[in-house]
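What follows is a pair of complexes built around chain A, which joins chain B in one and chain C in the other.
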Partner chain A sequence: MPTDGPVVNVHVLFFAKSRELARTPRSEVDVPAQIVASELLEQLVARFDLTSIRDNLILAHNETYIENLSDKIHFKEGDELAIIPPLSGG
Partner chain B sequence: MDHVKLVEDPIDIAHIHQLLADEGCGASSVFVGTTRDNFQGKKVVSLAYEAYDNMALKEMNKICSDLRTKWPELRHIVIYHRLGNVPVCEASVVIAASSPHRSDALESVSFAIDQLKTRVPIWKKEIYEGDHNSEWKENKESFRPKRSVSNFNYLACPCKAEESPDEIAAPQKLVQIRVNDAELAKRVECFVNSKRAEINSQNVIDFKAEDKDLSDSCARTQSSIIKQEKSNCHLKVRRVNNRSGPQQMAFRPNYELELNKLMGSRDFVTDPSTEMKKTLHNSRLQTIELYMGLAAAHSDESVFSRIKRVEDRILQLESISPEYRHFTNLEPPSSLAPTLPKKMRKKSYSAQELGAFIQKLKDGDRDLNIHLK
Partner chain C sequence: MIELGVEEERTKLKREIAELRAALYSKEQSLLYLDEIVSAAAARGVDEDAPESPTRTLHTKLTNDDIARYSRQLILPDFGVQGQLKLKNSSVLIVGMGGLGCPAAQYLAAAGCGHLGLVDYDHVERSNFHRQILHSETRVGWTKPDSARFALLELNPHCEIRSHVRLLNRFNALNIIRSYDVVLDCSDNVATRYLLSDACVMLQKPLVSGSALKMDGQLTVYNYANGPCYRCLYPVPPPKESVTNCGDGGVLGAVTGTIGAMQALEAIKVIVGLGDVLAGRLLIFDGSTSLFRNIRIRNKRPNCHVCSAQPLITQLIDYEMFCGMRANDKDAEQNLLSVGDRLKVKEYQEQLQTQQHLLIDVRPPAEFEICQLPGAVNVPLAEILDDSYIKRFGSQLEDKDLPIILLCRRGNDSQIAVQHVRSRFPKHSIRDLIGGLHAWTNTVDPSFPIY
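Coming up: the complex of A and B.
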């Protein structure tokens, strides 16, 4: 993933539709230690063929939702990042 | 106690009742969500559930603590969700609560299922009979991505109209639009704005019932748009709450007359509607004066001198707090800049230059005289 600043390796998890499109439940990705959530999402969408559901994806960083995609995320090595399509529990 | 679990096997409701049992409780409420056997005419064979296990448990525990904050009387809370393949008509989720009184148990369970559908990361896929492709479902309550408005770039959203002749033709009067969410949001916003403008113009017509020239109207009325019951899109317009317009004068009680009657007085009987009409054209200016903290004007004072005082007041306010103009929602100051008067450039002239200038003027004069002769 192209970056300028420091880079860390994180676990990216895929579920439901995003897992099917990415054709894997998890992957390891180098991401910038600091990045705006929407930018990161754009990059992941391009890399894992998620274009068809891009507008409905949410991110969860270490099991916590990123409420606003305009927020900045600070990553540490080995962090967990989940790509979450619209929920359908219940 | 909180009982939160993701389970692979069928959920035993009797067991849930045991978990809820408490001698101090007069109520236990159990919600059981079961899988339906049809969706849009397709027969559902089974449903496959998957979860982001750790986060799902974390969110379910968060729901429990939210419930305890909102309903401190709750004794036991159970949230069980089933994962893997669930045949139709079996329970996929059970939420239960016990409390001394029924309202806490009933309300908390209803709140909890809404929360679960909104934020617990669990997904279901419906598997249909026949050749229909299975489908991931989406809760309408589901948490959706948000972006700060400032970062939202409408222009970056391309608008492409797609046509697919293979599909069944829609009725002529309907238009099918296939665009992304952002474009759709933009169109809805534009539609609301245009509707707003349309209603405003209608209000102006209502307000100026007798005078059909609308070009110079600045009629102000209150109105609101309300959605029609059970309607998908049609807006019913409830318009004009016209409480002080000239048309309303006839409906006003004649307070002065009534008061004079009560007091047994026959003096100064006036018709308030004519009084109002007399002052109406000034009422807006009076409001502005009041708002600006200016003394009430004399009735014989000219409108122009009153406006002048308002202007002076605005200038004074702007000079003591320049940020005042930023609250008025007018054009930003940058766009005003070019219209500001240009600075005069001062230049010093030497006595010689001045002499030459005067000489030139005289020469010009002479030329003119010659010309005239």
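Coming up: the complex of A and C.
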């Protein structure tokens, strides 16, 4: 991912449809230690082919929902990011 | 030879009966829908979904049978007699009597929930049994609520159970939900999930929402203790193409069972006031690694269209239109190609099967392994769309006179494949089989397996 400033390595976990689109259940990604959530989302969408679900997913940083996409996220090395689209089947 | 003829005739009659049933059913549904519009417009008269009279007896004592039956949960310190009485006086509505609804209903009835309402419009069929564990072979063709009710009364005759054989919609939802304390979303489609969430906000009912697909499950309780609703999390419905249903994606019964049983648990906790209800958290279950995760989800969205202080939506809307999807998990037949660009399975069998041609089955490998037509090669749709098939068939594709036939399970994906291959090879004859393998079973070879 493009950077200016310090970069950290984080674990990205993909659930349900995002796992199919990304073709992997998990990945490791270098991200800027500080990044606005919406920008982070755009980068993940582009890198992992998530365009079709970009408006319908939960992005969770260390098991906490990122509520506001205009917030700045602070990452530490080894943090966890989860991409969770809704499931509707039953 | 006579027997062979009889067998064919039997198969044909069975098919015709099934088709007539389907046609009758669809007309009945249309009539029901119109009836509901009429009855919603008119003053609310007597109807089977109407709330029960408020004279429902309030139990203040357990019977000896209750004590014997529920003894193993009665001795739980946090549950006890008061918990059992609360459960006995409670009413829970379960929407969807499928893979989630069956185990949820089973545990609620068994635990002594006094009143259950079961909503489903569908009928029991064989492909349900692997996960919809209340239905059985002897009740194929029954409505799901009636079949489930039958099984549940065997389990616990003291449970009062109402069947609502209905496709829940904006005209009937409030009327049905009103008389229940807790609602379980065990549905299988996006439109019903928005409908239930909105209706539960309007009626202030907690909504225990479960879902499952393939090896994954999700669970949370919406609209509870000032927590968010479904719309707070997902203000915009997902695009149709990103939604997979159980019929296409598959699902393991033990996965829906896990989530369904936990929906019953959350409902019991809400009713009894026990433990920490799974509200404000989303439980994510990955059956393939057996990992459970809890994600802390957002608070109420301050500008939520339904549950905020200034809601924009104050009555139920047309959820099929809002979502651009039907309120069921059935696949609609698509018509991307004109009829002349397609081939009937009978025509294929009579005119092409004996000639040189390239027959490409675009289903995923797991489905190809179940059954395949003679001479078919498997190229999953994804490999068609990313053009990796071109290398594989390089020399055969040079011959413009070699007809190419694409097929799939029902004749939808094969049309997408035709469009794509044709754009690469505009001079070739490229067609697909109308109705896919289902049509093959129905019109050419009744012994060909159907799934």
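For the reader, a short list of remarks on this structure follows.
Here, the second predicted complex is superposed on the first by the 86 of 90 C-alpha atoms of A that agree within 3 Å, B and C clash if a C-alpha of one lies under 4 Å from a C-alpha of the other, contacts with A are read in each partner's own complex, and residues count from 1 in each chain.
Basically, a contact is a pair of C-beta atoms (placed from the backbone, for glycine too) under 8 Å apart; a residue touches a chain by one contact, two chains touch by 3 or more.
Being a predicted model, the structure only gives us computed values, none of them experimental.
When both complexes are superposed on chain A, chain B and chain C end up clashing with one another. In the superposed model, A:L69 lies in contact with chain B only, and not with chain C. After overlaying the two complexes on the shared chain, residue contacts for A:K17 are found with chain B and with chain C alike. By the document's definition of touching, of the two partners only chain B reaches A:S38; chain C does not. Using the contact criterion defined above for the overlaid structures, shared-chain residue A:A60 touches chain B and also reaches chain C.
In the overlay built on the shared chain, the residue A:L87 is in contact with chain B and with chain C.
Touch criterion met: A:S52 reaches chain C, while chain B stays clear of it. Listed for chain C are the stretches 7-15, 43-51, 61-69 or 259-267, of which 259-267 clashes with chain B, judged after superposition on chain A. Shared contact residues on chain A (touching chain B in one structure, chain C in the other): 15-17, 55-56, 58, 60, 63, 65, 67, 82, 84-90. Per the touch definition, chain C reaches chain A in the complex via residues 96, 98-101, 186-190, 193, 210-214, 216-218, 233-234, 236-239, 241-246, 249, 251, 256, 282, 284, 286, 293-299, 329. Within the complex, the chain A residues that touch chain C are 15-17, 52-53, 55-56, 58, 60, 63-65, 67, 82, 84-90. Across the complex, chain A is touched by residues 33, 49-52, 54-56, 58, 81, 92-93, 113, 116-125, 136-139, 142-148, 150-151, 180-182 of chain B. Residue ranges on chain A touching chain B, taken from their complex, read 13, 15-17, 38, 55-58, 60, 63, 65, 67-70, 82, 84-90.
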